[in-house]
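You will see chain A twice below: alongside chain B first, and alongside chain C after that.
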Partner chain A sequence: MATVVFTQNLRRHVACPPEAVDAATVAQALAIVFASNPRLRGYVLDDQGALRHHMMVFVDGEPITDRRHLSDPIAPGSELYVMQALSGG
Partner chain B sequence: MHSMLISTRKGLFVAEPTSGGYAIDRGHFVGDNLSLAMVDPRDGAWYAALDHGHFGVKLHRSDDRGATWAEIATPAYPPQPEGEVQTNYFGLELKWSTSLVWSLAPALDADGALWCGTIPGGLFRSEDRGASWSLVDALWFHPDRKKWGGGGRDHAGIHSICVDPRDPRTVAVAVSTGGIWRTRDAGATWTNCADGMRAEYVPPELVHDGNAQDVHCLVQCAATPTTFWVQHHNGIFVSTDDMATWTELEDAGPSRFGFPVVVDPNDPNTAWFVPAIKDEKRIPVDGKVVVTRTRDGGKSFDVLSAGLPSRFAYDLVYRHGFARAPDGALAFGSTTGNVFASLDGGDHWAVVSNYLPPVYAVTFVA
Partner chain C sequence: MSGDEPITREHLLAIYRQARAEFPKECCGYLLGRAPDAELVPCENRQDKLHALDPEAHPRTGENGYNIGGKQLLTLVRSFESERPASIIYHSHPKVGAYFSAEDTRAAIAAGYPVDYLVVDVQEDAIVEAKLFRQDGEGYVEIARFDGAAV
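Showing the complex of A and B:
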């Protein structure tokens, strides 16, 4: 099982505890989480299902490369962090 | 007197009437960015449009005057055609995704129905008090929409919605930048009504093109609905023939630039503006905040300054930042976080607050 963790800043707006999922890609992992928590989807993805412009997903410490379709693979035991794309300031 | 809702960069604040004016009483969503609030006079519901930045735009509704709020649906665009990069008139890539709720109004032709204007330019309609939304296809897929461009932002947006008091199926919306569009059949067909305006920031061929007009704010007189007032990027325009023609008013006080306009719902000849040095600076002329008022349909303008800061003041008032209450009270809020109110039609102004975050919108509870 992979684990999906959301930034604490998001928990102020919508409940999003860490969740264990059985998935092969980032898209599948998030889809499982959103299926039981549909309001969360719009906070992470835009109207077209792409990662919001100022959001970032890390898989085992590496940023994903496919922000449009979220096709980046994950492994059993992977840790996904859904974060704000902060760049200082 | 009526409660006032002030939408700011850091929360929605409620000002309540006092013996001499208004005072801030409480805040909602404190710390969050509010693009606007709307009060539906039919059922008393309050709507708040939040812009969470990283997390996107969200809408909330309160059915108990702000005591509790519930998140409702956000207008969302349908799937974008695969493999086709869409651009706006200026060639910037345009993604079909709501980046701002920029106008919200009751759709008076059906109970519980709402109109919502967004950036990047889509108009949405809800039949169920915001529980769900549908894109108004006829306007989004109108071929002229590809001639719209961004005003102060990357993409065009619908910021003004005028539901016609003669027939609620007739609705005019204004676009920055894309002119004015009107439907007479509740959104099924649309016609540009900005022909005859003048845009001084485009090549000569486009000066009078309806799609090139950067309308900053559009209002319609309730008692005389053939009269519309516009604060435009390069001037003030009035139409007294139901938008068949427009007249530009060149002598309108210290400046013709600004964002908001308020019309007296009982008198089509009376309207208020807040002028600023035009687009290259966007600050009050000479650091002096004034309101301009015409009471003769634009033939002359009073410059009203009693009670307003007159030195080293750099307040800018955005298009939704100026409102008139049903009892005639006026109020505006600025980027400096000042809010002023007048109980005598603008002759005298009193401070409501000097310490709010930047103000984006002011409205009154009906």
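Showing the complex of A and C:
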């Protein structure tokens, strides 16, 4: 099982504890999480299902490369970190 | 320096040099751990890339905004679960002074990181000063000021 972890700034908007998922890609992993937590989807993905520009997803410490279709593979035991980029003016 | 200084002179000068090198864009980064044993982590400002991707969603450019992403962001976020959490996040303000803007406040509160924020006043030909801000309720207040330097 892979683990999906949402960082603190997302957890302040919507409850999203770490979740273990049985998935082969980032898209599958997030779909499992969003199925039980649909509100979270809008924070992470846009209307087309692509990763929002200000969001980052890391798989085992590496940023995903397919931000549009989220096809990056994951392995059993992988750790997915989902977080907002840090910005300011 | 005394053991109470939030940032070493060496790191401050390195940040000033980064601010000058990236002028007129904002520079950004953070300190892992606390002075005097902190590690300086200069970051890429991704704001221009975001603006190019979607100017409506990201109206600011690198000249009036900063954005930290990539592995540097992961290191920052994970630091708060480690024994050496980040203590300061910094960025420069080209031409506009070392104040904590409304956008800075909004973003810092949204991020919720337990850090102080250093803002560097960088002008065409000089680093004027830097100021350190700490959250106080729903806003941020200045807690330290540092003179500029010829770098």
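Here, the second predicted complex is superposed on the first by the 86 of 89 C-alpha atoms of A that agree within 3 Å, B and C clash if a C-alpha of one lies under 4 Å from a C-alpha of the other, contacts with A are read in each partner's own complex, and residues count from 1 in each chain.
As a convention for this text, a residue touches a chain if its C-beta (ideal position, glycine included) is under 8 Å from a C-beta of that chain, and two chains touch if they have at least 3 such contacts.
All of these numbers come straight from a predicted model, not from anything done at the bench.
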| item | value |
| --- | --- |
| Contacts of A:Pro63 with chain B and chain C, given as first, second, both or neither | second |
| Which of chain B and chain C A:His54 touches, first, second, both or neither | both |
| Chain B or chain C, by number of chain A residues touched | C |
| Partner chain(s) touched by A:Ser71 [first = chain B, second = chain C, both, neither] | neither |
| First (chain B), second (chain C), both or neither touched by A:Ala85 | both |
| Which of chain B and chain C A:Gly42 touches, first, second, both or neither | first |
| Chain B versus chain C as contact partner of A:Gln8, first or second or both or neither | second |
| Common interface residues of chain A - those touching chain B in one complex and chain C in the other | 9, 54, 84-85 |
| Residue numbers on chain A that touch chain B, as the complex places them | 9-10, 13, 39, 42-44, 46-48, 52, 54-55, 84-85 |
| In the complex, chain A residues that touch chain C | 7-9, 12, 53-54, 56, 58, 61-63, 81, 83-89 |
| Touching residues on chain B, where the partner in the complex is chain A | 52-56, 58, 71, 74, 76-77, 79-80, 95-98 |
| Chain A partner contacts - residues on chain C that touch it in the complex | 28, 46-47, 50, 53-54, 57-58, 60, 64-71, 73-74, 76-77, 80, 89, 91, 101-104, 107-108, 110-113, 117 |
